[in-house]
Every structure is written in structure tokens, then in C-alpha cells.
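Alright, structures below, take your time with them.
What follows is a pair of complexes built around chain A, which joins chain B in one and chain C in the other.
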Partner chain A sequence: MTMLELRGLRKRYRTGGTAVAPVWLDAVDGVDLTIPEGEFFGVVGESGCGKSTLAKLIMGIEQPTEGEVWFKGQRIDNLPERDRRPLRTQYQMVFQDSGSSLNPRKRVMDIIAEPMLYHRLTTRREAPARVAELLALVGLPEDMQARYPHELSGGQRQRVCLARALGLKPKLLILDEPVSALDVSVQAQILNLLRELQQELQLTCMFIGHGLAAVRYVSHRMGVMYMGRMVEIGDAQTLFTAPAHPYTRALVDAAPVTDVTQRSRPRTQLSGEIGRKPEYGCPLMSRCPHAEGACAGLSGALLPVPGPLGHLSACMKAGGASHA
Partner chain B sequence: MQEPLLQVEKLDISFGRGKRRVRCADGVSLTVYPGEIVCLVGESGCGKSITALSVMGLLPRQGHTDGGSIRFMGRELIGMPEKQLDTIRGRDMTMIFQDIMYSLNPVLTIGLQLTEGMRRHLGISREEADMRAVSLLEKVGIPEPELTMCKYPHQLSGGQRQRVMIAMSLACDPKLLIADEPTTALDMTVQRQILLLLKQLRNEGMGVLLITHDIGVVAELADRVVVMYAGQCVEEADVHTLLTHPRHPYTQALLAAVPGIDDPKDRRLYAIPGAVPERYDDMQGCRFAPRCPFAEDCGKQPDYTPGKHPVRCERKVKA
Partner chain C sequence: MRNMATIWKRFCRHRLAEACLVILLVLGTMAILAPLIAPYSPTAPDMKAMNKPPSAAHILGTDKIGRDMYSRVLYGMRVSLMVGALATVISTAVGVALGLVAGYFGGWADRLIMSFTDMVMSFPYILLVLVAAAIFQPGLWTIILILGLVNWPGVCRLVRGNVLSLRETNFIRSDVTAGMPRRFILLSEILPNTLAPVLVYGTSVFALSILDEAALSFLGQGVQPPMASLGNLLGAAQSLSTLTGKPWLWLPAGVVVIVLVVCINLVGDALRDAMDPRNSQ
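After this line comes the complex of A and B, so read on.
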């Protein structure tokens, strides 16, 4: 069954200009994506590529300019708040900055119990037992209940955020850079926990991050975003070993590898930085080492890559880039 | 054997006084030779940034060095009067920081900030300094350097700001560059460009002390690595030895906790149990023992003698 489906999703922000001549930015620029039930889908990309906006559009924190969000066969982006509220328990989000997403004046038990009480999934009397259960689920000792967020470490706070989201028994969990602010050893703890929870609770997850290896570690399938578009989607195991899009190739090559013997491997190097998006054609054109005239006419649609099924790339030279 | 550029020996740093005194670096030793990148690795709160700041003589007011020595090009820096330190700092020895947002003055142009140090240390004219600044910006890969001279920091991207910071630190041809997590705030493709730049500077003979928590950066760039845990150096070796045959259980655990980009599907990350102790200066015995899978009667403080591959562990686990 399809858990989440995005159809031509677009979000346009005004970034400047005047009332007569506004300057627009398509933070999310026509994303189509289907996530089946039980899948762990990873999204990677550099800052400003629109991955967090994508999460906000799914959650209904932002309204899409164009396109549709379908959740379990129901269109949710145009639902009035009243009809949306009961659905909210089924999709939840965990944010990157656990420090600012927890109320500093509430104790851990109240933080975790609040959404459950609001949605009437538990009663005041039963809440403490549920909270204890959830704390155990995310691997926190029970005596954490009475603590305030500032008394916890970053990793512990992120676990509390997870427990709060899981309390509503969501079907879909969206994780926006949940480990980026954590130290390596703590990051490993949280990544392992996510993997276990996903299997145990049969969750469907969307994991957004910029650390390729971390996202890959938990994901079944992954998508790479650049300038608001998905430029490549594929199986997490093969996406990085045989990337079909030059941007994915450059990301893989830019990621520091922990193997010293790999130090002097040949690598694709993008020139410059993310700039303004060209009006037509491939957004990577100005930085891409393989760009040629025809790239200016590219629509940006994802095309199947020869090889494993379900591997899609927006590069017209798909498949060639990995050997270049 | 070349003369070491920087030699830190048994450095102790603590914060506060009397009862509230906390020791945050305990007997830290490290050496940087010219034309070498030494990486100082460890998790947050292990004392690596404080060590770097004390080398620069930039410890916050509550902090003070209690013992040990910091020798730079043969001169002792501890106890050196500020005035004399000023002739070294920013000239022969410079530092770049992680926080690119706050490291540049938002109301001064890039050109003015770049030339300030040059004119002060080298005593050259404004025109000479401007010309030098333009060539520096060119060297660090800033497009249209003349134009950038008149820009303000907010008009630059994060990667460009970090490049300007590096250009600024190169202004007086320093012998040693201390870089505190210079790429943590940057995107991956930009990070790669900055790392290549550091490598190029190293090849030109500069000594670099690079502070990082990213094992990937270490593997790509380092010549030698010093691992810190809870305020102490726990292991030091050349990068190949350290990454392929780590001997300290903490180094081994740290390496096993990092996911790789081409890991097999069934690999499970090793999560070090517990957390870094909040207060570690009053700990008896090995500071890693509470989290160490091999710990057994490690109640005695293990000794650490600098050498080819020193390890602060009684058991000296074989890889």
C-alpha cells in the first residue's frame, strides 16, 4: 500500500524585488514521490536544496503553491484544519534542533504526555504508564521523567522528541536531520535506535539529512535533491556505488571517506557553489563537468536508468556519469 | 630531523579558581612540524578547542594554564608578555574558526578587514596591502577578487566567508595555521574545496593543526593524528597506523561508530555505551574505563609517554 504520495509538489517563496517585479524562489520545484508502507526513505542534499521545505509541506506546516500531498489514499494538503486534526496523529515529525523543539518549562513526562492527552489517546490517569513505556522504547531510564530538557544531553533530548512523536502511534514519521547536531558515538546510538524502532513498529519513515553515510545506514531507498528538485532516486545500497547523476557523483566524491587508502582516488569536483537557478534546463548545468548545449533544454523529469528497476535520474546522460 | 614548529608539552588548563576550579585539559602533548597536517580528534567537550585557544593565547578570562609548556619556533609562549605575543599571533601563527558568521565584522568591508593585519604586522602602505589582499583572495579561490574587496560579509556565501577567513589568516605568511572545525558549517561540496585548499597550503610548507570530530576529514587530510578523550591525549600515531591499527579502545570504538558510504547492508554501528563524563578532572584511574568494553582493574591512571605511537591504556589492545 502507498503511504505517502507527492504529485508535482511546488512551493514558491518571494525572496525580494518590488511589488511590480517580485523575485521568486521555488524552494521545492515539482517533486513527485511515492513512499510505500513500511519503507525507510532517505533524502539527501546540501543546505538550501529544499529538503526541509519538503518536510514542512508534507506536515502541513507550509501550504504548497502547486501540487498535491496524498496520505494513505486521501488528499491532505487542501483539507481544512478541522478535518486534518484527527489525521495528524498518523504522521509526526522530529526536528533537528532538539533544544528548541522541547518546551524548557515542562518536565519530560509532560512533554511526552501532552500530544497524547490532546488527541485523547490516553487519560490523565493512564498517562504515566504510557510515558514510562515510551521512555523504555527509546532507551531512556525511567528517572528521566521528572527532568527538564536543559538537564538532558543532546542525544537524550533527541530520544525524548522521538518518544513524543511515537506516543501518537504514527504510521509515518518524518525525521529532519535528527542526528546532525550530535557527536559520532551518540549519532551511532540514535541511528541504531531508529533502525530498531522502524522494524519493531513497522513504521514508514522519511529521513532527511546531509550526511550521506548516516542517511544510507538507515534507508531502504534514497532520493537526492538539488535546487528544489529530486535529481536521482534509487535503492540505498546501489545509489552511491553507481550514481547516474553527476550531482550524486559529486556528493559521493566530496564526502570524506574514512578509509585512508581511498585518499587519492579520482574524483568529480563541482566548481563554484549553489547560485541562482537558470530559467531553463538542468539546474546543475553551470557547475557540471559534463554539461553540454543540450542540457539547457532538459525538463528535469526523472527518467529510468538502465540497470536495477526503480533507479531514476534527471540527467539525460544517465548512466554515463558514473564512469566519467 | 626538522625543528618542530609547535611543541606543546604536558599542558594543563583549568577554569575557575578555588573550589570551583575545573581542569579541562590534563597533560596535553602534541607537536607540529612544518609541512604537516596534525589532526586533533575528539568528541565535543574533550578539550580540543581549549588546547588550540591556549596555544594562541586566547583563553577566556576564567581559563588559565597551570603547567606545561608551549614552544613555538623555539620560543616559550606561556608567560610571554602580551605585547611580545602580539608580534607572533596573527603573523607567524594564525587561527580560523568554525563560526563563519561571527568571525568577520559585519560593518567593515572585506578589503579593510583583510588589510588591517597586514598593515599592522608588515608595516606596508595601503596600496601595497590592497594588492596583496587581492592576490590572496585569488589564491583561496574567490571569484572576482577586486569586487569582493568592497563587499560586506553578508554579501558572501558561507564557503566564501571561510575562504576570506583563510585569506586573512594567510596575510602575513604564517608558519602555523590552527583551524578549529573549519568545514563543519559548510556544505559537502564546498567542504571538499576548503580541504583541498588546506592541503595545498600544507604542500607549500605550512604547518597545520586541524581540530575536527569528523573521522572522514582526518582520513582525507591528516598526516598525524592525536586523539583526545576527557581532557587527555589517549593515542597518537601517523594517520595510516591510527586508522588501520588503532590501539586505544576509545579510538577503536570511535572508528566503529562512523557509518561508511559503502558499508554492507548488515553492518551495525558500534554505539559506545554511556556518555562522556561531565566532570572528569576528579576521576581516578582510566577515564574511559566506565565505557570501555575491555576494562578490568583499570583503577590506575595509565601513563602516556610521547613517542612513535603512544597509547594511554594499560592493556594496549591489539587491533
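After this line comes the complex of A and C, so read on.
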């Protein structure tokens, strides 16, 4: 069963210009994506590629300019808030910066219990036991209940955010860079926790990150975003071993390796920096070492790549863009 | 802005403010207990002791119809503090409510409220108060209402700004994504987080209200005799012979106004330092 489906999702922001000649930016530029139930889907991309905006559009924090969001066979992006509220328990989000994700004036107990109480998933009397249960689930001792957020470490705060989200028994969990603000050792703990919880609670997860290794570690499938577009989608392992889009290849190649014999491996390097998106054609064109004239005519649609089923790439040289 | 104990500890680092707080508490208690500690009635004339300078029987002397000045200052302080406190409560309540609505809902509600706020702010303040006092019957409750209803724009802007920045924080977003209702977000999440700056701002509104009451009563548009207030006691100094010859009639009230206002402001300053999270060491 399909848990989440995005159809041509687009979010346009005005970044400047005048009232007569405004300058627009498509932070999310026509994303199509289907995530089946039970999948751990990873999204990677550099800062500003629109991955957080994508999360906000799914959660209804921002309204899409165009396109549709379907959740379990129901279109949710155009629902009025009143009708959407009961559905909201079913898809939850964990934010990047756990420091500002918790009300500094409330105790962990209330932070976790309040949404459950409002949605009648627990009663006042049962709440403490339920909170303790949730804390145990995310690996925190019971006595954390009485703490304030500033008395917790970054990793602990992120676990509290997770407990709060899980308290609503969501089917879909969106994780917006949940580990990027944490120490490496703590990152690993949280990633392991996420993997376990996903299995145990049969969650469907969408993990947004910029660290390739972290995303690969938890994900079944992955999508790579560049300038608001999905440029490649496929099995997480395949994407790593046989990337079909030059941008994915550059990302993979840019990650440091520990094997000294691999130091001098051939690498795809992009020239220049992320700049303004060309008005037509492939957004990577100006930086891509394989670019040629025909790239300017590219629609950005994802095309199947020869090989494993479900591997899609926006590059017309799909498969051929690798060094082979 | 974490909890009361740390705020108190940081507040105590300001020795001066601590002393001011003690003075305020003493003066406040005296004002509240005025009916018990005042030696004479503040309004009963005494034909046998008119225009007397300070003595053992009347420690601050008597006025031209023989009323005991010490009693009058005590009662006057009571009235002035009450006017200040109630006017502050009214203006803070109005400002907080409008600020919350403007900041959280945005759009036309924000534009409407903020234009109205700017309008009230752009009036010459003392003129507005004087005109209002002239139109309505001057008196205790009129002046409380007038002061309460002209002082809110500052609070409103402060709260609106806070709400605007809080609205972008992740914990408010996570309330939205958890489907929490608006009244919960506004009253349980946003309001408590904006109360600290409002409290600090409130102290300066309090001090201002006391001064404004004194000014209005001095001009005869505020609290009406025979009821005493610090302002209309000061009004006695309008006569040159009193000003030069009978300082006991106006000096004590003047000193009390100055002490009150200075102390309240210093306490407010220390409170701001204590509540500023950037000051934590």
C-alpha cells in the first residue's frame, strides 16, 4: 500500500525583485515521489536544495504552490485545517534543531503528554505511565520526565522529540536532519534507534539528511535532490555503487574514504558552485563535466536506468555518465 | 529565563535594585495598611491646627484646613499606587491580547491592529490624556481607565514581535504538525514564553502611570479633592507662598513620587538583566 505520494509538488518563493518584476525561486520544483508502507526512504542533497521545504510541504507547515500530497490514498494538501487535524496524528515530524523543538518552559512529561491528551490517546491518570513507556522506547530513563529541555543533552532532546512524535502512534515519520546537529558518536546511537524503531513499530520513514553515509545506513531507498528536483531515485546500495546521475556520483565521490588505495580513484568533480537555476534544461548543466548541447532540452523527468528495477535518473546519459 | 531561583539569584547581584525592592515593599505595605497606621483621618479638618509646621502631634505638619499631612501622604500613596497598578494591569492585558492576535494570525488582523496601535501612539500623549480627562468626569476610575487605555501600544508591539519570532520556532511548528488547537498554541505555548519581557516592560508602565497620575492630578484633571493623591498634594505647590514658605505641604509627596518611580525603574532594569538568557554565567 502506498503511504505517501507526491505529485508534481512545487513551492515557489519570492526572493526579491520589485512588485512589477519579482524574482521567484522554486525551492521545490516538481517532485514526484511514491513511498510504500514500511519503507525507510532517504533524501539527500546539499544545503538549500529544497529538502526541508519538501518536508514542510508534506507536513502542511507550508502550502504547495502546485502539485498534490496524498497520504494513504487521501489528498491532504488542500484539506482545511479542521479536517486535517484528526489526520495529523498519523504523520509526524522530527525537526533538525532539537534545541528549539521543545518548549523551554515545560517539563519533558508535559511536552510528551500534551499532544496525546489532546487527541485522547491517553487519560490524565494514565499519562505518566504512557510517557515512561515512550521514554523507555527511545532509550531514556524514566526520571527524565521531570526535567526541563535545557537540562538535557542534544541527543537526549532529540530522543524526547522522537518520543513526543511516537506518542501519537504515527504511521509515517518524517525526520528532517535529525542527527546533523549531534556529535558523531551520538549520531550513530540515534540512527540505530531509528532503524530499530522503524522495524519494531512498522513505521514508514522519510529521512532527510546531507550526510550520505548516515542516510545510506538507515534507508532502503534513496532520492537525491538538486535545486528542488529529484535527480535520482533508487535502491540505497545501488545509488552508492552505481550512481546513474553525475550529481549523485559527485556526492559519492566527494565523501572521504578510509582506504588509502582508493585515494587516487577517478572521481567526478563538479566545477563551480550552486548558482541560479537555468530557465530550461538540466539544472546541473553548467557544472556537469559530461554536459553537452542536448542537456539544455531536458525536461527533468525521471527515466528508468538500465539495470535494477525502480532505479530512476534525470540524466539523459543515465548509466553512461559513470566512468565505465 | 529558566526558573525563579536563578532569576532571583541574578536579580540579587544588583545590590541597588535589591534595596529598591525593599523600599518598595515597605512603602507598599504602608500604603495598604494606611487606615491602620495613619494617626488622623486624611479628610477631617481640624480648625485648631491649621497650617502648622511639623511637630510631635503632626509629624509632617497640617494643611490650610488642618488635615494631617502624614495621613494625607499615606492615603495619597495608596491612591497613586492603586492607579498605577490598575492602569498597568489594564494596559498590559489589552496590549498582550492585541499583540497575540496581531502576531499569530497576521494578515488583515495584524494590519488593522497595528495601524490602530500606530494611530494611538502618534497622538501627543499628554494632550490625549488631558482631552479625555476633560470630556469624562475627572475622578479615580476615569483616570485609571484613561491611563490604562493609552499605555498599551508599547506592550502590544513588544508582544507582537515576540509572537512573530516564536511562531517560527520548531516547538510551535511541532504543535502545528501534532494537530494542536490554536488556543493551546497561543495560551499554553506562546504566552508563557513572552511573559518575561512583558513583566519587565510592565514595570516601566507602572512607573509611568504613577507619574502621569501625578501630572494629571497636579493639573486638576485627575483624582479630585478631598481625596488625596500624590499628584494633588503636589498641586499645593502651585501657590508661590506655599512653595517658598511651607515646604512640608509638598516636599514629602514629591519625595515619595521620586522614590517610587526611581525604585520601580531600577527594579525593572535588574529584572530585565536577570531574565535575559544571554546573561547566564
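Here is the rule we use: the second predicted complex is superposed on the first by the 319 of 324 C-alpha atoms of A that agree within 3 Å, B and C clash if a C-alpha of one lies under 4 Å from a C-alpha of the other, contacts with A are read in each partner's own complex, and residues count from 1 in each chain.
Basically, a contact is a pair of C-beta atoms (placed from the backbone, for glycine too) under 8 Å apart; a residue touches a chain by one contact, two chains touch by 3 or more.
Since the structure is predicted, the reported quantities are computational estimates derived from the model, not experimental observations.
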* In the superposed arrangement, does A:217 touch chain B (first), chain C (second), both or neither? -> first
* Have a look at where A:85 lands relative to chain B and chain C in the superposition and call it first, second, both or neither. => second
* Touching A:255, do we find chain B (first), chain C (second), both, or neither? -> first
* Return first, second, both or neither, reflecting whether A:18 touches chain B, chain C, both chains, or no partner chain. => neither
* **chain C versus chain B, contacts on chain A by residue** => B
* To do: Using the touch definition from the top, say if A:189 reaches chain B (first), chain C (second), both or neither.
  => first
* **chain C-touching residues of chain A, taken from the complex the two chains share** => 59-61, 84-89, 92-93, 95-97, 100-105, 114-115, 118-119, 148, 150, 161, 164-165, 168
* **In the complex with chain B, residue positions of chain A that touch it** => 46-47, 153, 155, 183-189, 191-192, 210-214, 216-217, 237, 240-241, 250-260, 262-263, 269-270, 272-274
* **chain C residues within the chain A interface of the complex** => 1-3, 169-171, 173-181, 184, 188-189, 192-193
* **Contact set on chain B toward chain A in their complex** => 43-44, 143, 157, 159-160, 187-193, 195, 213-217, 219-220, 239-240, 243-244, 253-255, 257-263, 265, 267-272, 275-276
